[in-house]
Structures are given as C-alpha cells and as structure tokens.
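Next come two complexes, and both contain chain A; in the first it sits with chain B, in the second with chain C.
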Partner chain A sequence: MNGFEVMRVDNGEVSVLRIKGFLDAHTASDLEREIQRLLDQKRFKIVVNFRDLTYISSAGLGVFMGFIEEVRGNKGDIKLTNMTPKIFRVFDLLGFPTLYEIRDDEQQALQSFNNQK
Partner chain B sequence: MKNQRTKKNFHLRIPSQTEYLEIIREFVSRVARKVGFKEDDASKIELAVDEACTNVIEHAYGGDGKKMIDIAIQVDYPGQKMSIIITDQGRGFDPSKLRAPDMKKYLQEMRVGGLGVYLMQSLMDEINFEVKPGPKNQVKLVKYLMNNQKQK
Partner chain C sequence: MPSKKPTNPPRAPISTGLTRGDAPMEIRQRPYAQRTTNHNRPARPSRPANVYPHKRSSNRPSTNRQLSRELDERLVELQALFDVSKTLNSSLHLKSILDTLLLTPMGKMMVGKGLVLLARGEKRFVIETVKGLQQTHIGREIMIDLHEPSILVLNNEEGGGAWSAYLYKLGLQLIVPIIANNKCLGLMAFGRKQSGQDFTPGELEYLNSLANLAATAVENGMVFQELREVNRRLDKKIQELNTLFDIGKELNSTFDSDKIASVLAYALMGELMVQRCGVFVEENDRLLLQVNKGLAPSPLFADAEFLQWLRKLKEPYFFKKSKLELSPREPEWSEQLAAAGGVVLIPITSQEVVRGVLLLGEKITKGEFGQEEIEFASTLANTAMISLENARLFRETIEKQRLEEELAIAREIQQRLLPKAAPKLTGYEIAAINIPTHQVGGDYFDYFPIDSNRYLLTIADVSGKGIPAAIIMSNLQATLHALMTAEVPIDQIVARINNFVYANTTADKFITCFIAVLDAARNTLTYVNAGHNPPYFFNENGAANGGFRLLDKGGLLLGMFPGARYQSETIELQSGDWVLMYTDGVSEAKNAGDEDFSERRIEAVIRERLAAKDNSATTMIDAITSEVRRFTAGEPQSDDITLLSLHYRQTNAA
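So, the complex of A and B:
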C-alpha cells in the first residue's frame, strides 16, 4: 500500500476503475499500468470512479492525457465520475471538462456508453 | 498576535524522491492551516508545492534520489502572507522561457506533462524563479492570507 489503490469491476463491455487515495507523481504509474492492462485486453470503454480519491496533481491528470487518443481511436472513451469539488477544481483549472465526459456517478457513465451503441 | 510584527519559519529538508511528496504535502498543508488558511487555500498551496517539488525531482535532479530538496516556509505577520521557498542544487533552466503553456494549443494536441507551472501560477498569488544552475535554483511561491486581493 503506497497511498493509492485501484479496484477494477467489469460490467459487460465497460470496465470501471475505482481509484482510492492520492494520485501524484509517485502513484501515477500504478494507474497507468492498470489502464495499459485494459488496453492490452482490448477493453476501451473505461469509467474511472473518483469517489475515494483525496488528491490529484498534474502527474495524475497526465495519465488520462496519455491514453485518451488511443482509447478514442479504438471507439472507446474514458469517462470520469464521482469527483469531489476539490478534485474537480484541478480538472477545471486545466480545462479538462471540455476534453472529458465527467458524470455524477457510475450509473450515468454506463448509461451513456450504452446509449452510444 | 494582533498588530505584532513577527515572522515564523518552518523548514523541511527531504530526499528528492516522489515517494516523499506525500510528506511534503502534509508538512505544507499542516503549516498553512495552522497559520489560518482555510481548507480550500491550504489545498491550493499544497498542490502548488507538490508541482514545484515534482519538477525538482524529475527535471532539476533528473531522478537522482540521493539529492536533497529544501522547503522553507516563512509566514509574515501582519503582512499575512505565506511564502514557500523551494531550493535545489540541480540543473537549472531559463526562467524567461518558462511560460504558461498555450492552453488551447495544449488541449488540441493533448500533450502529456508541462502543466505544473501553469498550475502553480493559477493557484498562488505570486511565483518567482531564481536560477543559478549547480549552486542554487529557487522557486518562491506566495499566498496571501487575509484579503486575498488576487484571489483566483
């Protein structure tokens, strides 16, 4: 345990990653590894649930930037949910809400993937 | 405390390794809250300092974990400001070339990294770089406690 955990739950074609703890320059590689594993398994419909994330720095945001092109190029997406106001503020400062679909909860994100079919 | 001219200093010297960013954040945000910053501002300061130290770890020292980072906090009364000075002895850079990225271009290109300085500028009231590669590089981050005249 180094302050960050990822729990993966697959729901049909969609994989949900529930992230917990803090996402900084030290832990970003843990999330990177988990997303890379999804892509290796050809799973491109990804929901990241931020409910239990307490902190994010630009190193954490960079993880999403690093994968989004490949994911969208494979008809998938990375949708983000359950952000606390503190986490959302960092995304907002960097203009990320125009780039990523941010939903209130997992259900909404799953729904929106299903509606795209 | 009121109307009393005082300064308070806090100092942390810590190895240049990402695993200690957690301790740096804890130190800085504890001091910020202790001297009266609200949760919101304390977390802005915490993030700005994390970004500055991450730059030192990854760029100035290029991942050499045996090097040290110095983090000095000075709280001024009644000026009501907190200054955080982060010093390293690593590789410097040209601060005149250090500009906030063009966000529009950045978002179009979806590039990774390079967001730290932009964040530091957005989160703090003042930011200053002093670069003398080798002997000393410093970044000074300032946040005002009271009137928040440059509230962002």
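So, the complex of A and C:
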C-alpha cells in the first residue's frame, strides 16, 4: 500500500492539515480520524493543504463530504489549498469547487478565515 | 422602435411557448423590414453581409462627394464587421464568442441590454449569456417555434407567444436569428437604444450580417463545447472506474465488514457529493444497519417490519416520489427516512437476491440523482457486497476452525479421562468401549480400585457436548476419585456428588450416572443408578430364555435436584453373571428411517451372543457395536456410543 501522512499545524483558531501521499479508500480512514480529532477538540476552522498529495480517490473526497455539514454547522469551514492540477481535476470533475473554497496557498485560506471574524 | 403599426398579415406565423408545458402560441409580429420600410424588402438572414438595400433604393446619395463619404463609411463598417468576425472565429470558447457577439453591437449602437439564446434541442432554447440583465436568467429554457426565422421587433407584451412576452418584459425588443446552413442556431435579443431612437435599417442589416458572420463561430463553439462536455463525461467515467478499481483493491484486502462498509460509504459520498449514507447488510437472514455516516438515528433502522420490507426492494426507491405500496406503513416510513436525512434506497443484490440496501441522503448540490449516478452507486455497492460476503465466509471459516480446535481439545480431555486398560481380576472380565461422535459428546466410563478387593465401575452421560461437557465430565471424575472411599456407602457418595454438581453447574447441565462397586472378595456388586439407562443384569444360563434384570435402583439424575436421596442395591454375583452398561447413544442410534436401535435390539444381540456360547465381555461389546453400525448403515452418529461389560465366571482356583 502507498503511504499517507497527515501533519497538523495549529495557527490560532485555524488548524492546518498538510496531507501527503495517497489518499485512497485504504487511507481515507486516517484522514477521517484526524478530522474527527479536530472536531472532538471543537476546532472547526480547518485548512487542508494538498501540496504533497499525489493521489486522491472518491473515498478521500467522501471524507470531506462527511464532515462539512458538522463543521459549517459550528460556524467553521474546511478550506482546501495548494492543489496540484491533477488533484484539482478530480475535485473539479466531481463538482467540488462550487461547494468548497479552494485557495492557492495556506496563507490565503488563513486570511480568508481571519477576514470572517 | 418602429412607429407604424403592422398593416399586413404576418408573413410567417411563428408559434412559440415558454417551458413548463405552455402550449405553442401564434406570434403576430411581422418581420421588421416589412413593417419599417416602404420597399417591402425583408431582411433575410441569407443576404450577403455587404448588401445594404436601403442605400440603393430611396436614399440614393445626391452628390459624388456624399457618395464617396458613404462608401468610406461602409468600408469602415465592413472592416469592423470582419474584425469582429475574425475575433469570433479565433476563439472556440462559446461563452466568449457569445459575449463578443453581444457586446460589439451593444457598443456600436449604444444598447443597454442583450442576451443570446442557443438552440438546445427541438424548439428548446437556452439563455447562454446576458448583458445588462440579471445573471440568473442564464440557463433558463424557453420553447420557441420558428418556421422561418428573421429579424423581429416586439411591439408589446401581448403581441406574441409566451417567449416573446418573456423577452419583452425583460426590455428586449429586437430579435436577431443566428443562422448557419439554414438552421437556426440561436437568437440574439437586444433592448432599446439608449438614445431612444429606433434601429435604422442600416443597423438592422449590420446586425443581420454580424449574425451571419458569427454563425460559423457559434456553431464551432457549440461543437467544441459539446466535445468538451463529452470529454468531461468521459473523464467522469474514468474517475468512476478509478473509484471502482480503488475500492475493489481495498475491499479485497480486508475481511473487516465495518471497514468495507465504511469505505463503500465514503466512496459514494465523494463520488456523488452526498453527506449522508447508510448501508444495511444481511446477516443471519436479517438486514442490519452496518454503517451510518451522517444519518440521524432512527428507530426505523431496527424495525423488523421495515427491514423485512427493504428486502423486497427490487429497484431504487425514491421514497418521496415513488409508491410501490408493498406495505401500508410506507407513508410513515417515508417520513421517518426523510427525517433521518435519506432520499433514496438502492437495493444491493447478489445473484438477484437482495443482500443489502443503501440509503443515500440528498446531494449537497440539492440536485436530483441521475440514472448514471444510481447505476454507479449500485455497481459499487454490489462490488462491496461481494467483499462483505467474502468477509462473512472468512469469519465463518475462522469460527469453524476455532470450533474444530475446541472440539479437538474436548476430545483430548475426554479421551484422557477414560481409563487405558481394564483391571485384571481373577474370575472377572471387564471391557468397555467409547466411540465419540465428531461433535464430542458427554459420555464417560471409568473403573478404578478403591482398595485391594473393591473396584469402582461407572458409566455416565453428561448433558451437552464439546468443551463444557468435557469439563463437567472431568469434574465428575475428580469428584468420584476424591470421594470414593471404602468407608462411606455409595448412596451417600452419590448424594454428595449430586449436590456438588448442582452447586457447580448451570440449570441446564446434568449427569445421568450408574455407579457400582464390585467386591471381588465377596463377589457382590453394590450400585446406585442416578437417572441412567438401567444396565442389563443377567446370567448366561438364564438369559437365553429372556431372563434380564434391569439395574434401576437409585434415584434422580445428578445436578438437577439439590438434596436428592439415593438408594443402593447389592447383588450377589453367581458364576455366569453379566452386567451390561450402556449409554443412550447405543439405544438411540438412528437408521435412515429415523428409527431407534432401541433396547429391543440390544437384548436381541445379547441373546444371540449367549446362544453362541463363545463369549467374553469384549466380544459382547463388539457384537453390539457392529450391530449398531449395521443398523445405522452409514448414517451420521448423533451421540457418543459407550458400553461397559462385566462378566463373572467362577474359576477353579476360587
């Protein structure tokens, strides 16, 4: 199996998850666990940085679907950044850009969270 | 706008209608050229772009200078037209083509509003781009029936069909068709000029020419857009295939049902943009909610009647719309499902039998599920179902292996409890056999010395099978060995064992037991029968004539009735006496006709053997077991078969 890693960096109220490797059906549960942990800690402002992600499958996208309502229900959001064209294509194909804020980099996403205050 | 009212009947009736089933209506406007000029020169879309009829008719210039100036103007206009045409044809991006097509004339003629409709099927037009109007109009479908499209001016709301009324209300009054190869690709619609003046014939010609020049670009743009759409659909299919492969890979690498169901749910949620998903899976002939992502908990998920109904689903069931009427409780269920966040139920089948059901919530886009999406969900779920079934088989195999191991342990315990060799006593022959079933029953026999002259002989049957039975049996053996002393009468020992078993087992565990003490010095046998099949006692000289005695003195079976009392009986043994103990595995051995071997056949074998006059305890047992085998003729053995035989023959030495 191909590896998948999540690194979490908290920046004030916002938590950044930098994900790396293959996000497929096998590793989706790792990301699920990580996001669940954030929600358990009442951290609802989440940025996911895709810079080092090489592959994403529908199951990976499903994880975002599974949490977005709860996150937004708690006045938070999941913002996505640093997608390679390959990753963006998958998001785009399935229609995600209309529902998720996709930014070029973390800084932009953080700023957009800060502007909401 | 033209000031004259139409005087002639319409040249080409045009029936139209907005979407949502409006009946086509007749439109009563006349082509603009007919109404606005005296020359009755219709502005036909097929007219070459550089022909300006009005200039050549009434407004012929009077001087050469004027003529030269007008020619220059025409040239500039022509140049502008070709420039636009070049721009239009240099792009394949439909939206930018249409934007150019709108903005160019709007700028030139100072018009504040405009839109472009493109034909998207039989009489079906869709608003593709708007200027000076709300963007929300984009995407709106309008039914327009144009027999012979030409430039139209809408005078008022009532004049035309529903479509023209719609455009008129938006402030759009000039309609210019975009025609390529005699096919109307679409319509441009413009509002008034900011100056308030009417469009001049020259402007109309300009628009017509522009529409003609743009037609090819629009057509190319449409083809290109369609190609892009097809490409995107192909990409989507590839993505779906990727998902299927990805899931297949994952599903085949695990036997964890929860994980499989979870992977299925997430893949569906990602692929279909759904936030809620539940997977019901069949287990032990019932459907159970295996995984729930985002659905509100509902008592419905455990409602036996609902789950039973789910198994009858043959096709996707949108419970807000369809009424299969398989159950009178459907309206109630639909409400509860909707309350839990569901929208559609999709059966998961394997070999055309429903093995599970998907419950999907609504799409985050609030859009409806397409046929392809439902099919995809179905395919994915069916794939996952194979894995779930494999997982179940795997679990069952593991469970079976575990049981096998347990049985092996039980068999070993049981075999260790049984004595290896019979005691050698002068004048006595003791033989026993235990044939356990595959399942390992609870039969037990034993013999051991109590003191130099006395021996304990026992046969017992413990309720149940497997390890629990083996453990009780081992406790019985330990208790017997510990309690059996020469000093205490065996009826009291049995009473104690009864209390001990009662105290140490559950209510459903009991033992039937025959315990006897053989005194080889006095040639007596003292026994207690605690609910066991009474052994046969007979003398070889008398038995042939039917002289059996059943050793049935004693009391109730062990472990059920605390404080039960037991009686014992002592028999004086004569030469030629036999005692044959057995368990119900012998008498209840069944043949193919479900008939018991029965005591009658045991007795028949005994008589037969005694008549043969060539007997030992061993041959007696062998004769019974081989007769049981013959009787059952290969039917599976349902219970342990155990026999213990004692034969006394006075020796010359004694």
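The criterion applied here is as follows: the second predicted complex is superposed on the first by the 115 of 117 C-alpha atoms of A that agree within 3 Å, B and C clash if a C-alpha of one lies under 4 Å from a C-alpha of the other, contacts with A are read in each partner's own complex, and residues count from 1 in each chain.
As a working rule, a residue touches a chain if its C-beta (ideal position, glycine included) is under 8 Å from a C-beta of that chain, and two chains touch if they have at least 3 such contacts.
On a predicted model such as this, the values are computed, not experimentally measured, just so you know.
> If we overlay the two complexes on their shared chain A, which of chain B and chain C does A:I68 touch? Say first, second, both or neither.
Touch status of A:I68: both partners.
> Go through the superposed model and pick first if A:G76 touches only chain B, second if only chain C, both, or neither.
It touches nothing on chain B or chain C.
> Let me test your reading of the model: by the given contact rule, A:D24 touches which partner, first (chain B), second (chain C), both or neither?
In the superposition, A:D24 touches chain B and chain C alike.
> Check the residue A:G3 against both partner chains and state whether it touches chain B (first), chain C (second), both, or neither.
The answer is first: A:G3 touches chain B but not chain C.
> Does chain B (first) or chain C (second) touch A:L93, or do both, or does neither?
Both partners, chain B and chain C.
> On the A-aligned overlay, A:G60 touches which partner chain: chain B = first, chain C = second, or both, or neither?
Second partner only, chain C.
> Residue overlap on chain A between the chain B contact set and the chain C contact set?
Common interface on chain A, chain B vs chain C: 24-26, 57-59, 61-62, 65-66, 68-69, 90, 93-95, 98-99.
> In the complex formed with chain A, which residues of chain C make contact?
232, 235-236, 239, 242-243, 246-247, 249-251, 253, 259, 262-263, 265-271, 273-275, 293-294, 364-365
> Can you list the residues on chain A that touch chain B in the complex?
2-3, 22, 24-26, 55, 57-59, 61-62, 65-66, 68-69, 86, 90, 93-95, 98-99
> Where on chain A is chain C touching in the complex?
Touch residues, chain A against chain C: 1, 24-26, 28-29, 32, 57-66, 68-69, 89-90, 93-96, 98-99.
> Quick one: in the complex, what on chain B touches chain A?
18-19, 21-22, 25, 43, 46-47, 50-51, 54, 57-58, 103, 107, 110-113, 115-116, 118-119, 122-123
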